[in-house]
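So, here's a batch of structures to check.
Below, chain A partners chain B and then partners chain C, in two separate complexes.
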Partner chain A sequence: MKKRGLILLVVPFLAIAFFVAPAHAVDSIVIGHPAALSGSYAKAGEQAVGGVQAAVDWVNSVYGGVNVGGKKVPLVYKYYDCESKKESVTSLLERLITTDKVTVTFAPYSSGLTLAGAPVAEKYGIVYMDHGGASDKIFTQGFEYVVQTIGPGSSYHVGTLEMVKKIAPDVKRVALAYEDSEFARSVMDGAEAKARELGFEVVFKRTYPMKVEDLTPLLSDLKASDPEIVIGGGHFQDGQLFNKQMADLDINVKLLSLIAAATLPAFGEALGDLAEGVMGPSHWEYGVTFSEEGAKAAGMTWIGPSQDEYVALFKKAVGKDMLPDYHAAEASAQVLALVLAVEKSDSVDSDVLRKTLGDLTFMSFYGGWDIDDTGKQIGHSMVNVQWQKGERKIIWPEDAQTAKPVFPKPDFE
Partner chain B sequence: MMRPVRAYYPILPVLIGYGILFGIGQMVPGKWQLISQLAFFCALGQAFNLFMGMTGYVDFGYVAFLGVGTYGMAVSIYYLFDKGLGLTMIVIGMILAAVFSTLLSLAVGAVALRLRGAYFAIATIGVNEGFRFLIEGARIWNGSDGMIFSRHMKTAFGRETAMALSMKWADVIVFGVAFLAAVMTLLYMRNKVGYALTALREDEDAAKVMGINVTRYKLIAFITSAILAGLLGASAWALKLTYVYPTDVFAIHYTVEAIIIVLLGGAGTLLGPIVGGLIYGVSKYYLAIVLPGFQLMIFAPIIIMIIVLFPEGTVGILKKRVFGTPLEKFII
Partner chain C sequence: MIFEQLSGNLLQGLVLGSVYGMATMGLSLIFGVLQVVNVGHGAFIMVGAFTSLMMFQAAGVPPVLAIPVAFAIGMALGMLFYFGALKPLVSPSGSGIKSLDMRAVGMGAGILVALLVVMRFLSAAFKLHFAITLFVAIIFLYGFLLYIYGGRRQDKAPELATLLVTFSIGVILEESVKQLFTSEARGFNWAIGKLDLGVTVLPYTKLIASFGSLTIAVLLYLWFRKTRAGMAMRSVVEDDVGARVCGVNVDWQYALSFSLGIGLTVTSGVLLTMFIPVGINPYMGGPYTLKSFVIAVLGGLASPYGAFFGGLVFGLVENGSYTLFAQFQGLEPFAMTRFFSFVMLLVILLLRPTGLLKVK
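Let's look at the complex of A and B:
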């Protein structure tokens, strides 16, 4: 009788506990990533994986884990190699979602591979964070779960033009000369729109083919348009050629900014004095001065390691003496956005997370983070790098600068 | 003359193979994308084998047919999405894919198929790059900007139907293309097209002397193989992924993958591309999971070893093993 009485007493409590307790207690937050570790985007993919791992290590060892459901849980990183191939992205992403039961997914590098995985993420209704797909068009497709950290292509030269507007308002004549690729064209369209918005006069606009070997005809026409500012480029090889042939043709302008070339150390090494004063926009560069104090002054939440702490964590994560570049930094910032979203919403539900990410604004070593209603990144400003006496200096925005801009650019000698 | 039905028995293992694959995809939760990837590799191998396996010619520009097929579907959806055509738009996309790949194969075949061996391979290697440059340079179909049409599909069909088309029906069409490629291969094997192709594969000069119009038969196989590739591009790349960039679809590594699949399975065999596609796809998938970033270091030597040790491919060996047994009539 006593036993039956005990059972009668305990069962209602167990039943209540069963219905009241959450169905799935959160033991960890798992990030699933079909990374591009081999194939065309292997270099960017290695940086991204190192960046995610470095941020995960910081969250677990320094930050103490992610605060959700009244306790701190670890962040777990699960990645596979999609070989930079679109077919592999879909199958590996599905495995991460259904077999590994990840909390959130990260897209592989590039706009194409990001687009390849988006329908799978949409099908399963899971947040899909984009650290390497810069195309603006990703965010006009009506995807509900895609959230961007990398700045969209259209924003690359926005800071460059704003800088000129501020420090030399009389300068008006802009020439645009970009490589004919989807990415460079989106940068060009963004630059043109911003130039017109700021009152610049676009005196030249043209593209050149990929893997171009001679830019002399294009640059001769460009010279005839008498620009004060030249912005353009596409990749490292054509950027280098662009700079060299501008010098050969003695085209001296007040500002020359080349995407995806001038920010690389190899650019200055290859061109020597010819690179002096040449600029380039980047999502992030080692040396930027975003800090907790800066975040406080801007009224923004700060999260994450300092830049030097981050570099040490990154080197440990990749297991070699390699500096992180912007591919790593944006992947890390994405992890920090996820941590803040989970903590703010106290949930790992995809719809709740997506909504919270939409309301989130913060700053980290990577800079600002904020997205619009479509999921597109609008809070991160590009930094502008300039070659000064053989060194890369960050000259814009002002709160990240390590040196004042040299303007106008010195003439080629 | 009607051939006896048993001449077509080899289609049974093909049907069973694809049936099992499809069944696993439908019944095991969370495996559909893997199965669709495997079906893509099988279809790619099957379509490529129809020309390479039967003629012995290696077309390095093969991916261009997948590329123009992808554009066929993309053009249909991108430009017709607001015309109220409904699913007819998908049919138009498939027709355009077939037309584009036929036209390209006619243009390439008319010139390149007059060449042999290495000369043919060199002539075709430029087709892929040339076509990509044409699209980018002449700004055809948005040039290098490509076409992204997820929004167009949602507008035309509604979110749910667009998702079903992209995540399920596109893959079902891939299965259909794979099976169609196998049927076409068997039909050719069992009629005079196949005999002519076998004759020219063994000795083209002798075939010519025997009065076979070798260019004509090569062109038939070339166009059939190209149309199948076009349909594959339209379904597996355009309808499924809802975007197309020239650099993504005119990528030569897909031709290399097709060659590997055919060699792994057995060139000129009917079952070979299925076996080759499964070996290739499953190994790639699991190595990418177990050894992310290092899988190619393991995978490449394994492929080289298999191809060196078993030049006839897995089905080639199997054919020898079952020779003289009741299974003989099923394995070709």
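Let's look at the complex of A and C:
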């Protein structure tokens, strides 16, 4: 009796839903985001939310809304704090998809959290845009709705090696020394493959454990292999240690590039003169020179604010005098990709959107955007920064340069 | 070639090991006298590292001159935490808050609010960070409650309680430092030249750190063996009841050795920054806590100078085995050194369960 009553109650609603939904016109595009606003990734999460908000503001007020179904509709940004926890990511995604009925979902920051949320998006068949998970592993799981904006780990040192190939073709000996973590290993494997492809000779390849206190034995062996280029690193502390102990052991090379650590202001503050000439790959830096004219020259679609307009929008979105870093920029570029995909396909259907995103190529202040069949980002090349006289300069690629690369790197002391 | 690498790495290991040893002496001393395992050990190393960093950045004071300052800070922190938190748990005549009724809770809360308001103005007036004033307010309140409601307690706290207390102290220190300095990794560059030995290069800062560690270990040994105060402390290690019978003020010995242990640990943080002056952040202590435990066991848990030798052995084994494992293709030597270090620890404990240097 009870059961039948329930069915009788539900059926009319289902019927209404069935008939009403297709006729229901799109009146807004809703982005759902379990953002990492507290916990371990709070810093990156604050940037990401500011970045999304800045781009949403630009679309609504400057661009005039998203053109779909013959009219301009506003973008709406809905986010909850996932506290940098996997359990919260999955439950918040369920809530965003089933209760808030969002159009697309954005992944939280980091590879681990992005991986945690992906199965939920897959279950509901909704596009899941990844702006902060760089591990290549995300794209070997067979997920169909994951779309990446941040560059994959394997591409971090590609630009570095291409630069050497171009400005000093006779330099051949490369040493690789990375932290033994999921992310750094994927960077190392990518760097090794690229080095071999470009004809470099890999003379040293080793990892060191996370939270290492002393790298001296590894660096002594590295010195003995007599490299011309050293690339490696992992996180912040070990990157500083790497640089300092290279200097201690008088290991002078033509190029030293460290992931994560070397692109941060704290690196130069901590190391002082020892940081001179040290490089690091970054997804985006304030000062890159991607522009509408450049896009036109390259024959690419341009969308979004200029860099200076963007910085102003970002400061307004976060409500304080803070510069956006790459965590913000990649989140913003993702919003722009979504807008272009919706307009191009004139639809908000997940499968149509996913297919359109697959065919999409464009340029914004963040640089190029293009994905391969698995959803992995292949169109965005990283910029390389170098410490020159206590300041971070963008030295590669050439069209984003704020200073010429100093090569070879000056010796320690 | 291998010989060169090995001798170079062993030299580096010896220098590193002396600093490891120094960083462990405080842990062993505290365990020996109070039977308390200081789980917050690494946090005190971090305090020393920050002392060194701040003095260098603010006034260009070379880290060597920061040693006495760090030792004094460590002694003071040791006394503070001993009387503030640890004494009621370890001392047989310790006093603690006997009964916490609603009166005490209400009064405490009232005083805390009043203090916070006062402190808010004080911190604004003197431009102090709020974390410091909050810290002072809580310590003050704690002492006040202890004064009013404290009394002699007969029951001794279980050992787990002291673990929790030292763990809490570590967390409180880390979070306070994070409030003051954020969690950014910092560093400084004190360059005074290097010594090129052919097989390897040693910066003078490392040599000074190593020499400083050795000096402090010798001084501690002499103090323990040759002075009456040292003898009193040793008597407590051997038999605290017997020592009491002989007229030794065991309570005071507890307080003294805890603060001496913390003083040594904070000092080792300064020496560590001469070795590695970068990556200084509130959470840097964790790996050192673990390493210190291993070295302490290796050297004979209750013996501070045993700990120093334990450190030397550990540094030599870590660096020496790295070179040997690196000879095998396809092995990640760093992963193997950890494996090897712990196998060695097990073997040594099987052969000599009391550590390398026996406590007689």
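Quick note on the criterion: the second predicted complex is superposed on the first by the 391 of 413 C-alpha atoms of A that agree within 3 Å, B and C clash if a C-alpha of one lies under 4 Å from a C-alpha of the other, contacts with A are read in each partner's own complex, and residues count from 1 in each chain.
Methods note: a residue touches a chain if its C-beta (ideal position, glycine included) is under 8 Å from a C-beta of that chain, and two chains touch if they have at least 3 such contacts.
As the structure is a computational prediction, the values presented were derived from the model and not from experiment.
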With the two structures laid over each other on chain A, which partner does A:G390 touch: chain B (first), chain C (second), both, or neither? neither
Touching A:G125, do we find chain B (first), chain C (second), both, or neither? neither
Chain C versus chain B, contacts on chain A by residue: B
Does the superposition put A:G64 against chain B (first), chain C (second), both, or neither? neither
Output check: A:P209 vs chain B and chain C. Expected answer is one of first, second, both, neither. What do you get? both
Just checking: does A:Y79 make contact with chain B only, chain C only, both, or neither of them? Give me first, second, both or neither. first
I'd like to know which partner A:S181 touches here: chain B for first, chain C for second, both or neither. first
Given the touch rule stated above, what does A:T99 touch, chain B (first), chain C (second), both, or neither? first
Which partner does A:P169 reach: the first (chain B), the second (chain C), both, or neither? neither
Looking at the overlay, what does A:P410 touch: chain B (first), chain C (second), both, or neither? neither
Residues on chain A lying within both footprints (that of chain B and that of chain C): 180, 209
If you look only at chain A, which of its residues touch chain C in the complex? 180, 206-209, 211-214, 216-218, 220-221, 224, 236-238, 240-241, 243-245, 248-250, 266, 269-274, 413
Chain C residues within the chain A interface of the complex: 1, 5, 8-9, 12-13, 16, 184-189, 191, 194, 196, 200-203, 206, 276-281, 284, 286-288, 291, 318-319, 322-323, 326, 332-335, 337-338
Note which residues of chain A are touching chain B in the complex, please. 35, 37-38, 46, 49, 79-83, 85-88, 90-95, 97-99, 111-112, 115-116, 118-120, 122-123, 135, 137-138, 140-143, 180-182, 185-186, 209-210
Counting only contacts in the complex, chain B reaches chain A at residues 29-34, 36-37, 40, 133, 136-137, 143-146, 148, 150-151, 154, 159, 163, 166-167, 236-237, 240-243, 245, 247-248, 253, 284-285, 288-289, 292-293, 295-296
